[in-house]
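Labels run A, B, C and D following the written order; every chain starts at residue 1.
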Amino acid sequence: MEREHNLIPEDSFWKKYLYRIIYRSDTKLGKLFDIILLSLILMSTFIIMMESVPKLDKRFHITFFVLEWIISLFFTAEYFSRIAVVKNKRHYIFSFFGIIDFLALIPFYLSLFFPITKYFLIFRMLRMLRIFRIFNLLDFMNDGYLLVRALKNSSRKIYIFLLFLIIFSVIVGSLMFMVEGGREGFETIPQAIYWAVVTVTTVGYGDVSPITPTGKFFAVVLMLAGYSIIAVPTGIVTAEMRNKRQNLEKVCDRCGNEDIDDDARYCKQCGKKLA
Amino acid sequence: MEREHNLIPEDSFWKKYLYRIIYRSDTKLGKLFDIILLSLILMSTFIIMMESVPKLDKRFHITFFVLEWIISLFFTAEYFSRIAVVKNKRHYIFSFFGIIDFLALIPFYLSLFFPITKYFLIFRMLRMLRIFRIFNLLDFMNDGYLLVRALKNSSRKIYIFLLFLIIFSVIVGSLMFMVEGGREGFETIPQAIYWAVVTVTTVGYGDVSPITPTGKFFAVVLMLAGYSIIAVPTGIVTAEMRNKRQNLEKVCDRCGNEDIDDDARYCKQCGKKLA
Amino acid sequence: MEREHNLIPEDSFWKKYLYRIIYRSDTKLGKLFDIILLSLILMSTFIIMMESVPKLDKRFHITFFVLEWIISLFFTAEYFSRIAVVKNKRHYIFSFFGIIDFLALIPFYLSLFFPITKYFLIFRMLRMLRIFRIFNLLDFMNDGYLLVRALKNSSRKIYIFLLFLIIFSVIVGSLMFMVEGGREGFETIPQAIYWAVVTVTTVGYGDVSPITPTGKFFAVVLMLAGYSIIAVPTGIVTAEMRNKRQNLEKVCDRCGNEDIDDDARYCKQCGKKLA
Amino acid sequence: MEREHNLIPEDSFWKKYLYRIIYRSDTKLGKLFDIILLSLILMSTFIIMMESVPKLDKRFHITFFVLEWIISLFFTAEYFSRIAVVKNKRHYIFSFFGIIDFLALIPFYLSLFFPITKYFLIFRMLRMLRIFRIFNLLDFMNDGYLLVRALKNSSRKIYIFLLFLIIFSVIVGSLMFMVEGGREGFETIPQAIYWAVVTVTTVGYGDVSPITPTGKFFAVVLMLAGYSIIAVPTGIVTAEMRNKRQNLEKVCDRCGNEDIDDDARYCKQCGKKLA
């Protein structure tokens, strides 16, 4: 979630004025613009969902069609305005939100030729991530960044964990394929791997479940393993999340205490005023 | 869970006496009153549950009917007494328990006109939260407050997490709708979103499960994602729960800072040596 | 898991000798005795399980019958020996393991009159908890105590959590009963509560699942709630488990550092030798 | 995951040269070799999976057959080269990767006589664990070691936890067998234990689920217990993972203590000031 605050408005008065409305929400018009935008995003998402229901689509086809055109045209206009009013245009276009804004438009125009792509419009929802800025929810925004940072910092460990998990599932699935030998749901190795993942993640649909006693025994072992393994990602993220609790750079220069909270002004160990 | 201890009794002797019985449990009568109340709440909950079972309702209809009237009249009398004996009546009425006490009555009288509302009486169970006070379970009460506080403190992060999760589920559901293309359980986008939530939360009913190999592959990816994501709320609450390690009784007597770690010897806000 | 080390042997030489064999495992005979005991427990558990399988019971009925008699007689003799060789007999009888040893016998004799009680013999498995002592697995034993202690210390918070969870499930179940109005699996409130618990704990059998769109919407809300709620018990136990990591009583008397590991001999902050 | 860096190459020039290609990836050829190896492992895994699908096997039988021979011969040659170029041959053969390399070959030659063993070739995937070395992903490697170490350190507690869990499941399963008395899915005790594990681990296939009200009540109790119990492994691993905050590179140069916290300024074992 890249911040947009390093975008600089164009010099012309009108572009500066528009910039403030579009990118900021510290004016009345800016706030109104944001609320309209949010409503249109929600409405668009809702329409796409409803269009997929044959009964509703049949009844409101024209309404949906017209609304979608209006919203999409508005988004198109907005996208080009966003480009027009910033000086460092490339910066916006390749920013996190710039790409999302673009992706929110493309499927509509593509769907004129390839109808199925219409449903990709659901990606418009991602624009909602701007929601925090809209309501000036600074605390929320900070918490959001903290969450994203914690995930980013632990992403490497999570990748390794997932690699282990995948290798584990493939092996378990193959063993199970030999055990249940082509019984329903275990006809092929990929099928058996599907079952292994469903089991080890404790999802447990039950569309595939072991039938032979040996198979059930293996399943029990796998479930107990999965139950213990689930602790690993949790441990990773929890350990990471602790990081954000204290100021990692501050040290008390009298007693050397490094366990200093972000909001501390005095060392809690020796009472020295912190710089 | 607002504390009720800031309610002040009326001046009259009888009202003071009743106040002690109703709101406190440090007298024999007060304890008796509380135990009767608790029994009635449990009995009422039990009756409502049993009434929903046709066989039992048929057999004990009259018993249930009579008991419900008695309990509800008792609760009504109790509610008005509670109002009568406190000085700051508005304070009670709009307190957490005041609202619950009210909600525990309304459905009964409404059900005389709209029978279906009867089942809302189940909200009476919330009155059980007073249970800690009844048995003078101070330690339990403190632990309860700590839990509630930890959840409250991390609620903002949990909201953000849920927002991400919802956006994620909507997008995954829509993609799956395109993949499984109208197959059973994936007929519409809302259906597919339902499936996505069932999967990502590892509930996995199995009433809807992917059928095509591509669908199964997507499901596997989603499950692995869900398995990693589950670490996030856990990490949030765990990190928050560590906060409670603070000494809840220590306060800095110079600056009034209450956020004091268990191991602190000096106030981190003003540098005063702590007693 | 109460320790048995505060049991005192009887004075007579033979009883002292037997005491050492039965209660200790520091002699060859003592070790042998323990291994025989463990084997019999496992064998007994295995027989009870096998007896429940009609096909196997039919075939090996006599073998099972005879073995069960032998094992039970051995356990009976052992139980009375255990009583005989200790001085503080009452102490043993009402100790954790004393009660389990008793419970491991009763069902057998009861089953002579009430056959169904036979299956309670499965409680014999609990005797396996002595396993750690048998193999002199001191480290395992300590870790076991730590786990038990962490659970005990956080039990109060877990009870509160479960109370909340139960109230929550009852209310959600009742609401769902109104929503799904007597549809399959939601015919009665207790049924609906069963569904709510299955869902909120993310077990998700799928024997009952919402059918109406409104029901599905409620289910989605419940699942997301359950997904967040699961963090609470984890947070509780994790926070508790951290306790055991450091010596909570040691403080460095030069710099006041209280973050001292159990195995530390010098303060890691100022280098002072710890008392 | 044992490190391979303590293997010493043979003295001869050619063997030293080959050693560098095979065991290292700091030369162009070495990197190429590793990438070919990785591709062959992936391809081999893929072929085994595809062979289990009758439709694909029928169509590409010869292709699969030939490819498998080529890959297996390559792996065989590689295995003997690995032995040939190191001085301490036994060291390699019994190292973690040495054993895996061997296991990756055996099933192929066995399958010439016992076709079913072919599927054990899936263990070749374990060779992928070398992946981190291949791409010189040092950070990933370190994180991987940390994860493995955290699991190893907490393994003892997890074993105890699993023992408790198994005893618990066996007892619960037996009780349920008595309650549901031979109903579908609860015909035998082992069946009922299978159900208990499926439930307590929150997998919840739904292939077996309680039918009687009493059974459902027991199931609810079990689920709530499982929901609380899941916190235990998480707590264990999380507590262990905190350990990794230690500085892995610091060593006390006086006493050799390697267990040094990130924030330590003095060795906690000998009091020496750390550099």
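Just so it is clear, a contact is a pair of C-beta atoms (placed from the backbone, for glycine too) under 8 Å apart; a residue touches a chain by one contact, two chains touch by 3 or more.
Chains and their UniProt names: A, B, C, D = Ion transporter.
Predicted model only: the values in this text are computed from it and were never measured.
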Pair from A-D, A-C or B-D with over half of its contact pairs in common with A-B: A-D
Remotest chain, chain C (Ion transporter) as reference, centres from CA atoms: A
Pair with more cross-chain C-beta pairs in contact, given B-D and B-C: B-C
Interface numbering overlap (same over half, different under half) for chain C (Ion transporter) and chain D (Ion transporter): different
Inter-copy rotation, chain A (Ion transporter) to chain C (Ion transporter), in degrees (Cα atoms; steps of 5): 180
Separation of chain B (Ion transporter) from chain D (Ion transporter), taking each centre as the mean of its C-alpha atoms, in whole Å: 41
Separation of chain B (Ion transporter) from chain C (Ion transporter), taking each centre as the mean of its C-alpha atoms, in whole Å: 29
Junction residues of chain B (Ion transporter), two or more chains touched: 161, 190, 193, 202-206, 230, 234-236, 238, 242, 263, 265
Residue ranges of chain B (Ion transporter) in contact with chain D (Ion transporter) within the complex: 202-206, 234, 238
Contact set on chain A (Ion transporter) toward chain D (Ion transporter) in their complex: 156-157, 159-161, 163-164, 167, 170-171, 174, 177-178, 187-190, 193, 199, 202-206, 209, 213, 216, 219-220, 223-224, 226-228, 230-232, 234-236, 238-239, 242, 256, 258-259
Residue ranges of chain A (Ion transporter) touching chain B (Ion transporter) (in the complex, touch as defined): 45, 48-49, 52-54, 116, 119-120, 122-123, 125-126, 128-129, 131, 139-140, 143-144, 146-147, 150-151, 158, 161-162, 165-166, 190-191, 193-194, 197-198, 201-207, 230, 233-238, 240-242, 245, 260-261, 263-273
